[in-house]
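The same chain A turns up in both complexes below, where it pairs with chain B and then with chain C.
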Partner chain A sequence: MLEFLQYLVLGLLVGGVYALVASGLSLVFGVMRIINIAHGAFLILGAFLTYTLWSGPGIDPLLSILIVAPATFALGWALYKVTIEPVRTAPMASTVLLTFGLALVIEATMGVIWGNNATSIRPPYGSDSFSIGSFYMPKAQVFGGLVAIAVLVALGLVLTRTWLGRAIRASAANPTGAELVGIKVSSVSALVFGLGTAAACTGGAIVGILYSFVPGTHYTWIARLLAVVVLGGLGSLNGAILGAILFGLAETFTSAYVSAAWATAFPYLIVFAVLLIRPQGLLGARQREDASAL
Partner chain B sequence: MTSSPAHSSPAPPAGATRATGLASRWSDPRLLGRAVITIAALALMAFPLLSDDAYYQNMIILSLVFAIAASGLNIIMGYAGYVSLGQGAFIGLGGYTIGVLATRIEGPSPWVWVPVAGVVTMIVAIGLGLVSLRSSGASFVIITVAFLFLTSVIAINWKSLTNGTSGLTLPLPSWDDDIMNWPFYYALVLILALQIGLSWWIRRTKLGMGLIAIRGDETKAATIGINLPVDKIIGFAASSIFVGMAGAVYGYYLTFIDPRGMFGILLSVQVVLSVLIGGSGTLWGPVVGAFMIEPLNEIANNNFGGGNVRLYLFGGLLMLIVIWLPRGVLPAIEGLWERRRTAGRAGLVGARVDTTGSLSGLAISDRVAPSGVDDARPLLRLDGLSKRFGGIQAVDDCTFDVVAGSITGLIGPNGSGKTTVFNLIDNTIVPDRGEITFDGERIERLPSWSRAHRGLGRTFQITRLFGDMTVLENVVAPQRSFSWTQLGHIAVSGREARMAEDLLDFVGMRAFRDQKARALSYGQQKLVELAQILMLDPKLILLDEPAGGINPVLIERMAEMIRELNSHGTTFLIVEHNMPFVLDLCPRVHVLSRGSTMASGTPAEIRSDPAVIDAYLGDDFDVETEGEGAR
Partner chain C sequence: MVRDSAWRRLQVAALAGALALGVAACSSDDGDGGGGGSDSPIRIGASIPLTGQFSQQGKAAEQGYKVWQAMVNDAGGLLDRKVELVIKDDASDQNTVVSDYNALISKDKVDLLIGTYSSLLNLPASAVAEKNKMLYIEPAGGAPEIFERGFKYIFFSQQATADKQGKAFADWISSLPEDQRPKTAAYPTIDDPFVKPNVDGIRKILETAGVKTVYSTTYQVDLNNFDTIVNKVRAADPDLVVHGAFFDDGVGFIRSMLKADFTPKWLYQTTAPSLGDEYAKAIGAENTEGIIFAISHAPQAETPGNAEFVKKYEEMFGGLPPEDAADAYGAAQVLQAAVEAVGNIDDQKAMADWLRKNSVETILGDLKWDDDGRPQGEFLTGQWQNGKVEYILPAKFATTDHTVMGWEPGTK
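For the complex of A and B:
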């Protein structure tokens, strides 16, 4: 029972990290109708940046978010302007390929800069645990999960309480309508892509203290993240969060009680099952396709 | 100069004709293309005999494998529009099939397993195809990536079968060292020839036409009689069987098979890149693309140490092509050629719609007979039809009849559920409950295409033509029946082409036959869409706002055409907001309100029904002033 409780908390904390990263992916899809395959690569990029800040100047990985997030926001904004804006109206299948290409280029760049050896970040609290009796909880997981949830809440406040947030939601709901009332959708899209990138890289900073990584790890991550957003419903932010928590729990329990090796197959099975049984996901809505896009 | 343009001048001397004929023949890209292909094929066949350079032989063998995979992928990605990043897995499946069988069953030559690998791969691909029946666009891409990773995880973890990450080693080839690579080389050339032959054949059949319609607009394709699951499943089978065989030859050639080499994502990326760079949807593009990419890949691997350089190469190319050359190399060259050839000739799009032709010369219908309105026989009957979207009851216990041979109007305020009723009738949306009876047969469980085959045609409120196809192609796209053998028939028979031209003549759009549908105005698209569904030879035509957004002259013509078709026995159900048009045209009108029928009757009865006036027409409604004022 205690063991079960331990996995439950662990799953929720991991789910919080997934939720943060997946919300960025979902936001980008919601506004631009682009499935950003490079999102996993951004996550690993965030981990490597955090590693550099930690191993060089010795900045605490969780504090380094204050540097990583703004820097990668700018990076995402610029990448959007250069690569995605020219094909904003292209069919979704083309933009998927474009972001896939972007993912490969980022992977190669990380390989050139940081090499292909397994890298990990070990802050002082990295191997400590909180313990209450025989209930153990690694400090890195607790801090990481809590920071992720805090950043996610901040993102939520931006989306619901600011003019930018309203502009983002308006652009997602109806781009043409948003243009008509004076929102420049392409500018909003660039900002959203920046936000999405920053969310992925912030998640990467946290992931870096939990697991070791190489540039190629991004495939595993994009698979997980796609499973999460597909499960929750593409484009639905609440869906992404719900999907992330369910996924975090399911993954933790599978690797604990079934088998760690086959747990890697888990995200793919989820993608299959969801897209077959309920293609719109848990909280997604089906859109009317016979009338104009409203 | 007073001379008239060349084409209308009297016949030039014979010598001149021959000279220009020859010149135009050499500037004909198709002929030039054929010459290039023949030379390339001969060079490919002769290469191993002329050179024993192992480096280049290896490069060509790999290029052949990718050319087969790309040409296969082109069937599903280029024709049907389903982008797949799982194509590399089919190579891997072929490789693993031969690997597992050849290491387990001693005795027969491993070549025996090559066709088996094709069949195994095809079966798996059909499974993936079944998945595609429920997903499209980006979700399908995600599914294929998941599929690829899943095969890789299985290959790693199912150790008893695949030997995990340590891989499988095949028996070495038994033949003489002198001809070392020849059997692999020529086997792959043969498989490539078969694959290209299959791609070519599919493109010119009804099956290919259906796949291309699916790429354009899947829902619409279903409503014009295209059997989506059958077409797609066959497409998937055709896109994989030879790829599995090529994968087997490839595995035998490598003699070593492991999950990394066989199910790596870059394998799939290379296949997709080949299709894209050469020209998606073209016959030769993917092959040309494969022979362009593989040498680059080899150079990246051998001269720059592979790894990151290869990633830069593939990633960079993928981005550049999507941004700068989305149609690929071959179509771009063809486009340039075409532009030079047709430079200076004005487009037709701005031309006027012709006066419509007459139906009398047309033998469009072999199943409806002019019988007049037959009150005893409803052609279409809706009974208790209901559909709820979340909290909105869009259609609520809707019940009405459409009498055979009638022109029936369906009116009602915006949001009263008219279009949803149409969508339920043609199965674009599935009803929650209720019955639909068409021509004495219950159809509410039938898919859209079966309903189309039974004689149900439907136009859309916002026209849905296949924008990339020409007007004529749009009109010949419908398939009025389904049979397995028919899938293999030539896409457009002479009879069908003539019928389509007659129909275009009838709606006055014949002059536009070679224009892309996308270039037409909204009103012109409505006319083409009408011609398109007439190709189905429908007993009942559902028109969704035929007079919406088009000019008064065209509205008048639309009414004439509807009357003429009706006089030949076609029944109509028309949704329209233009009251003078409906009340003038339809002897019988149903009024929809909040998803259910609130009134039915003749125009006169409807006009004086207080409930209808209250809900829809308004107190001050008057057909005469409405007709003059608003239109």
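For the complex of A and C:
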């Protein structure tokens, strides 16, 4: 029982971090109908920026989020204006290609700036745990999970309690209607892309403490994050959180009770099975184009 | 409205095109595609993982090749011709490495080939060389299956294939007095054609010596969270953990062990501990004490030309050369020896035949091969002591007569 509890906690902690990172991807899709393949690259960019602030001025990696998040929000906003906005209404294949290109450019830029050597962020609590007997909770994961919860709650409050949130939700639900009531969907989209980028980079700060990374690490992450948001339902923030938690638990329990060899593959089988039964994902809503296909 | 839509499509196409061109420009080489006459440089082609999963080791391999190029050219060249490297980035991808080597042969028309990093990439890349009857010296890629295909142009330029790399360590553990010898062992390993045979080779020797296996598992290359596996290993309570790893997973595994406060008496790990300062930075120098690993090269070894290589490396890149840089340099030395022995760059079959019958003096020691290109030597065994690497086996290459009897994280 204690062993089960141990794996449950480890799985939830991993899922919490996945949730934070996946939230931005889902948000961007929800408002803009853009599958942002560059999201994983933003995650690793966040990890490298955090590394620089930690290794240079010695800023704690979790505190550095206070600098990384606003800076990358601005970066995301600017990138949207320059690269995404001109193709916002283009077919999805074009935006996928564009954001994939963006990911490659970010990867190459990170390689030039930080090199292709494996990088690690090791704060003093990076190797410590809260322990009771043989049961333990790694401090880095606990702190990372708490930050993830705080950011997700803040994001939830922005979406549900502010005019910006209402504008975002209106733009996601019905862009034409939103324009008619005076919401400038293009400006909202830029802000959402900025928020999505900041969420990815905030997740990167936490991921950087947990794992070593190189610029090319983003490929592994984008595959996992796409599976998470598809499982939860593309465009649904709550779906992304649920998908992430399930994904984290599936990875952990597969490794613990099935085989470590299946730990990375088995969660994708679950995604596949869920989509067979519920194509829109766990909490996703059917789109008009889905309904017309029936 | 129609015009607006067309304009938008044009913008999409232009942006996608610009990005594609930018990416292509970043990844393409500027080779002139010509073989050249006798006064032109000898062009040697390689595709190396400069980005992606093996970028750490790939960059080191590139440095090793560049040091060799600089030293050979400073000494008057190869067959009195300058040497020019044509290096592509395979992004640690098996498909890319195949197309790269094909392009090196057919488009860039290089005179000679040299190998890439890792068994995973050398496995398909060497098939391209074999098909084109070109000599293929690989600086890494010791998976036994590479040499079971009956290829005649491939030679591995380290001391032993993967299944024998941990032999010295396993023999040494087996020879320890009963009260010091571990009684149980765990074998978590990445699923890789180089690493797994390495771990299996150690396990076979230790099981024969009576060391009971209490846990073994294989995980996929994209796993990055090791907390669960470490928890399973901890529950099995082994005296010795033999971890088959590359760099990222090696570091991740140890960090998970530290978080779980799991410190087995002995820790042996493949690949990662040989990456010097990067490894110490990643897990903390204080946590390296006593970790044992197999390694092909020692910067302080008194092999012919080693001191000159180490000096030139420091001059060009700073610091001590990592193992993969030395391996690449050694591979180039083998290629150089074969070319000089045959006296031309055209008869690559003669070069392969010569290598099968002769040994070559390299910075890794004298290398010799069997008919299938398997090296017939013995690896070094290294151990982290006081924040730096010492060599404990074999005795003739040992840099210390002291061995830390176990893993002691946090003590130095």
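The rule we apply is simple: the second predicted complex is superposed on the first by the 270 of 294 C-alpha atoms of A that agree within 3 Å, B and C clash if a C-alpha of one lies under 4 Å from a C-alpha of the other, contacts with A are read in each partner's own complex, and residues count from 1 in each chain.
By our rule, contacts are C-beta pairs under 8 Å (C-beta built on N, C-alpha and C of every residue); 3 or more make two chains touch, one makes a residue touch a chain.
If you're wondering where the values come from, they're calculated on a predicted model, not measured in any experiment.
Once the two complexes are overlaid on the shared chain, A:Ser255 sits against chain C while remaining clear of chain B. Judged by the touch definition given at the top, the superposed model places A:Leu269 against chain B, while chain C stays out of reach. In the superposition on chain A, contact of A:Val96 is made with chain B only, not with chain C. Of the two partner chains, chain B is the only one that A:Leu226 touches; chain C does not reach it. In the superposition on chain A, contact of A:Leu104 is made with both chain B and chain C.
In the superposed model, A:Thr83 lies in contact with both chain B and chain C. In the superposed pair of complexes, A:Val14 makes contact with chain C only, with no contact to chain B. On chain A, the surface patch touched by chain B in one complex and by chain C in the other comprises residues 83, 86-87, 90, 94, 97-98, 101-102, 104-105, 107-108, 111, 116, 219, 223, 261, 264-265. Residues 35, 83, 86-87, 90-98, 100-109, 111-112, 116, 219, 223, 226-227, 230, 234, 261-262, 264-265, 267-269, 271-272, 275-276, 279, 285, 289-292 of chain A touch chain B in their complex. Against chain A, in their complex, chain C makes its touches with residues 8-9, 11-12, 15-16, 19-20, 22-23, 26, 50-53, 55-56, 58-59, 91-92, 188, 191, 217-220, 222-225, 227-229, 231-232, 234-235, 247-248, 251-252, 255-256, 258-261, 278, 281-284, 287. Every residue of chain A that touches chain C in the complex is listed here, in rising order: 3, 6-7, 10, 14, 83, 86-87, 89-90, 94, 97-98, 101-102, 104-105, 107-108, 111, 115-118, 120, 122, 126-129, 131, 134, 136, 138-141, 210-216, 219-220, 223, 251-252, 255-256, 259-261, 263-265.
By the touch criterion stated above, chain B contacts chain A in their complex at residues 81, 83, 85, 131, 134-135, 137-143, 145-147, 149-150, 153-154, 156-157, 219, 265, 269, 272, 276, 307-309, 311-312, 314-319, 322-323, 326, 390, 419, 423, 428, 460-462, 464.
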